[in-house]
Amino acid sequence: MYQYEGHISRREGITLIFAVLSSMLFLQYPQFLVEVGGPAGWQVALVMTLGGMATLLPVIALIRRFPGRGLDQISKAAAGVVLGPLLTLLIATWLLASLVLSLRSFTETFIVTILPDTPPSPVMVMAVLCALYASYRGLEAISRATQILLPLIAGGSLLVLLFSLPRVDTSLLFPFWGHGLIPTVTGGLYYASMAAEAVVILAFGYAFRDPNDARSSGLVGTLLFGLGATAVAVVLVGVFGAPTASQNPFPLFNLARLIYLGRFLQRMESLIIMFWVFAALVRLAVLMHAATVTLGGALGLPHYRPLLFSLSVMIIPLALLPEDFLVTLRLDRDWLRPLGFAVLLIPALLWLLAVIRRKGGETDAA
Amino acid sequence: MRHKRKVGFLLLLLLLTLSGCWNKIEIEENAFVLAIGVDKGEQDLYRITMAMARPEKLAGKEGGGGGGGEEKPLVLSTIEAPSLTGALSMLNGYIGRNVTLQHAKALFVSEELARDGNLQFLDEVIRYRETRQTIFLVVTKQDASQFLEGMKPELGKNPMRYIEQLTYNYRRTAMLPAASQISDFVSQVNVNYSQPLSYYAALVEEEESESGGGKAADQSEASHTAGELPRQGGSNVEMIGGAAFKQQKMVGTLSGEEIRHYLLLHDAFHQAVATFKDPKEPESSVSVRLSRKRPSDLWVDVSGSRPRLSAAISLEGEILGVQSGVDYSEPEQQAALEASIEQQIEDSIRTLIKRTQEWESDIVGFGRHAVPQFPTVEAWETYDWPSKYPKAEVQVDVRFTLRRFGLTLSPLQLRQ
Amino acid sequence: MGLWQSLKRWLDPSSTAVDQSFSLGNRGEKPASENQGTEMLADARLRTENVIIRIDRLMEAAPKGKEALEKTGDLSDDLEQNLKRLKELFRLPENKDLVIREFQVATQPPTPAAACFMEGLTNTGIINDHIMQPLMLLSHLDHHAGAAGEDGPSSFSPEMVLKRLLPGNQSTEKYDLASMADALLSGDTVLLFAGSRVAIAVETKSPPTRSVGKPETERVIWGPHDAFTEAFRVNVALVRRRLKDPRVVTEVLTVGEISKTYVGLMYIDTIAHPKLVAEVKRRIEAIKVDIVNSSSILEQYIEDNPNSLLPGSLLTERPDRTAAYLSEGHVAILTDTSPNAIICPITFWSLLQTSEDYYLRYPFGSVLRWIRLMATLIALTLPALYIAVINYHQEMLPTELMLFIASTREQVPMPAVAELLVMDVVFELIREAGTRIPSVIGPTIGLVASLVLGQAAVEAKIVSPIMILIVAITGLASFAIPNYLVGFGVRVMRFFLLALSTVLGFYGLAAGLFILLIMLAAERSFGVPYLTPVAPARGKVRDILNRPPLYRMEERPGYTRTSNQQRQEEIVRKWDPMAPAPTPDENGG
């Protein structure tokens, strides 16, 4: 039987989900938003948030129905001994794919922005070592470290946005509806799977002492992420203009580079990069932990730690597979996101099965 | 067994150091380029001048230089190359250090090249990691290599700091554009709501004593552009006015006074000293310090076949000098003066806008105020603002209030 | 021939032959263990004898009831035999520390008795005046009005001595040799009487100890200046002066087979969690070692993670701090012969606090804490940050500064990392040397070293002036860390971060900080996560860096899970300075 250990509180849950999601903002996601919505990128962000929160509801319902149980236990209970582990395996694979692509994206980002001549391997090895160590020490260690790091990350990004405000030209945010309402809404819903990466909450749903905490963690975390994405989109379009912003794969980095408040307050982007490295490492650590725990549960292993080492060795070559940066971007946008929707269907399916077969403890009203 | 494990772990660690640190470079192994100059090339696409810093000359301790005190603080080198990075790699061939653009502060482009519209190397500026988008773009009247060679600050050692400080003056004199960084340039060029404007500078030979040829009749001192100031002495760089672009191509220069009006319309005006013709005595002038009273209001009416541009500007000012002897502190005289100044400013603004319409370049940015009226990007693009702009009607309304009169109310009466 | 004699010394190999010099090594003699074996056998024989005698007597006393059982021991009736066994145990006459004074108690007839004590550990004044004097001179007074129920005027018993003759404020009865030895070794005087199987131990402890002095490592400017000394009872007294409540409990345990050090567990009964006290006791009682001669050693035996870089419990020499922690629900461990108290459980933030924060007014207390946090961060990251900026991210520097650094570094032959390491080594040398120099010339050397060395190194172009600045600031910052042990941990971490940032710039630095943070976050100290209450956010997060005014600190910190949360009333300042109390006259008093 699986050894699930550790407990997290509501506040820690919120910070974890928020950290995992918002570290995506340091990558290319704001660019995707502006690409779809033009000057109305911030509207896309809003739609994405609402969509994400909606798609999270089955996940939360599932956790609340089976409090204190890990994902593999839930799926076995709801879907049977054969189908259950299979579904868990699917989720684990998606988490793994997300981890690999995140690793590659972050590595590329850091290489292009601050370490130009470095080959990707040392950067990846370092990141994987950090994530490995963090996951080894357990979920509680990760969540506590995130609690301390998150104010730094959020504060740093907020500072970047604040200092960019003098450059914002509000006329660049017009035309108001961007490319029209329909493209905005469809684009937002397409990217709602970005927000639904909060499905990672499934992997540590067992750690909440009170299952209602899972609900507030997931929803509040996604909401905060959405607000952050909106703010970033607004400032991005206001500073660069829609055409440039939609071609900008490192939006926040470029924003930080442009900070020029007089002679002294400039050239600060390298310092802010440090905060983003923290965000990247937190995301990788959480994803690695979630993937390992889920995979271990699916395969029926008694403990996740031995799997951790093999998995870390495996993901580095996998991350080096995409040939170049653009392939990574495309893989992320065109494959991982739609698959994310598929992955979101699984908890919904499990929940339905649990309701139909009348499994699960708490059946209190939502 | 434990011993073997420890040794193995240590070996792994050592492996990390063996592979080397790829990006690590000692700070003194770098040659920092402070300014880049781009001209039209003869043998190749561009002629690029890089001005590199000599650290001990620029920032070393006083007297620590020892001999060779006649060395210039910047090392200049001009190369024919198809691109900036091409020039960099060529430079690395004969400069003993690693040439890097990390601290480049300004990009000087010769007017010849700008008028040709051959600014494709700007893509490199955005794409290449070392260059920052906060560097200034300055169009120089002469060749950029000549400019960089001749540039000599009188106060201070560092020429680039001198240039930087020149750009801060816009707040007090309003004779320079508010900002002309690559980021503004690029974002405006890409979006097409308005056209970019950059700094304009010129080098003046010391021996010449300009008499401001041809402008003697015009007593407005700010109507000179760079290179034409009637002066002698001081450093040989002049940076007044701006260069207007249409997309990538330079289409004209603006004088200092025109820049002032541009800033008024652009709502980036702080204060300036302006000289107006005295309404009662057309031969004399009145000096006024203008400052902004309320933000300028621009709006555009896109209904109809021709867009209608309207601007409402409100200013206040302080009289600095009256040469005609007329006492403007009396209410009617004051009103007359205010009306006259308003009229003069309106005329100048209309002239400026007409000039930009001739160039077909909306540098003032009326397009930015037209955009909110379009619901989607497609609608805006169908409207095609850049073609509609030259046909637009202009209406300007200036309000000017005299606030203060200086230390004395009635002027100096110089009796003959 | 004298010359030849002296030369022979040099030529003769036997003069330097190792064979004939003294050595503890094995040269074909019988192994030392064999010799020691004989001694250990003798020792074992003694103990076994005692055990056998004891078992015999236990069997005898068993039918007589519980009290009789308690009183069985292995002493015999014969005084001479007892004394002989005592001398054997203590290796008299080689061992001169044990003094045996035989005398006679003035009963009719006189009873032979002996007083045994360890010289140096006892207060001989008390022995003379209050033990030997009443027994030798005054015991005849009580001869008839003796112990009730005894028959005959010549009755004598140790109980009578204990109750009527011996004005010693802590006297106990001992029944066997081992406990007699324990008592003797801690400084008591043991009285043996002829014809009695009971010995009396009187408390005459007076170990050499220094008087209460000033704290060495935790100086404050504004606050009490007394510090713990090496005497256990004095330390407990210093704490008890500040907590005059009957609920303050000191449990005393002995640790160490040979050292038998007193370890006192102090806690406040209804405030400290019973599970915590039980856990601490369990860990201490599990220690089975020869000697424990300092609280730091004790701490290393009971801490959660010996491999962690930061301490898992707080060692303090200040009694006021100890009292404060006790009142918040912690447990304090006082060790004899050690001037430090161990406070457990502890969180990381407590390592950054001093008692002075509370004695100053609250804004200044908060400011001091922020400065200390900044100092810790600077001491940790400044060298790594500098190397990362200089070698990887030169674009971060303002151009003027960058040109200055480049110009000063042009003449230095080494890469920046090597320079930094050299200066660091020099700084550590200065530091180590400074702790061992006699205090008279200490400050001078420090000044000379830092100024002259630094200046000379810059002139010789071995280091650049910026490097001196960096190393000096790092050193100063590490001195500002209030806890001595944290300084060591920070030093190690600093080198780790430096290595990482040398290889990967800011990225390496950030990754290193992340790893350190995870390491801290995963630590526990006696069941409390190390970064509470910031990291597991339990309850209100206060009094970490910003110190609230004292009248707002109504609750104890939650992480100690005390039973009694409230420590102050809700409103402490019931009076209003603007509205003075009515004067007594008006009240018609």
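Observations on the model:
Labels for the chains are A, B and C, by order of writing; each one numbers its residues from 1.
Keep this in mind: a residue touches a chain if its C-beta (ideal position, glycine included) is under 8 Å from a C-beta of that chain, and two chains touch if they have at least 3 such contacts.
For clarity, every value in this text was computed on a predicted model and none was experimentally measured.
If you take chain A and chain C together, the chains in touch with both are B.
Nearest to the common centre of all protein CA atoms is the CA centroid of chain A.
Chain centres here are C-alpha means, and the one lying farthest from chain B is C. Mean C-alpha positions place chain A and chain C at a centre distance of 49 Å. The geometric centre of chain B is 70 Å away from that of chain C, both derived from CA atoms. Centre-to-centre separation of chain A and chain B, using mean CA positions: 43 Å. Residue numbers of chain A whose C-beta contacts span two or more other chains: 115, 118, 122, 263, 266-267. Touching of two or more other chains is recorded for residues 16, 23, 132 of chain B. Under the contact definition stated at the top, the residues of chain C that touch 2 or more other chains are 392, 395, 503-505. Every residue of chain A that touches chain B in the complex is listed here, in rising order: 38-39, 112-113, 115-119, 122, 167, 169, 171-172, 174-180, 239-244, 254, 257-258, 260, 263, 266-267. On the side of chain A, the complex with chain C involves touching residues 9, 11-12, 110, 114-115, 118, 122-123, 126-127, 129-130, 133-134, 137-138, 140-145, 147-149, 263-264, 266-268, 270-271, 273-275, 277-278, 281-282, 285. Residues 16-17, 21, 23-28, 30, 32, 34, 53, 55-56, 58-60, 64, 100, 102-103, 105, 130, 132, 158, 160-161 of chain B are the ones touching chain C in the complex. Touching chain A in their complex are the following residues of chain C: 389, 392-393, 395-398, 500, 503-511, 513-515, 517-522, 529, 531, 534-538.
If you check the complex, the residues on chain C that touch chain B are 390-392, 394-395, 399-400, 402-410, 412, 415-416, 502-505.
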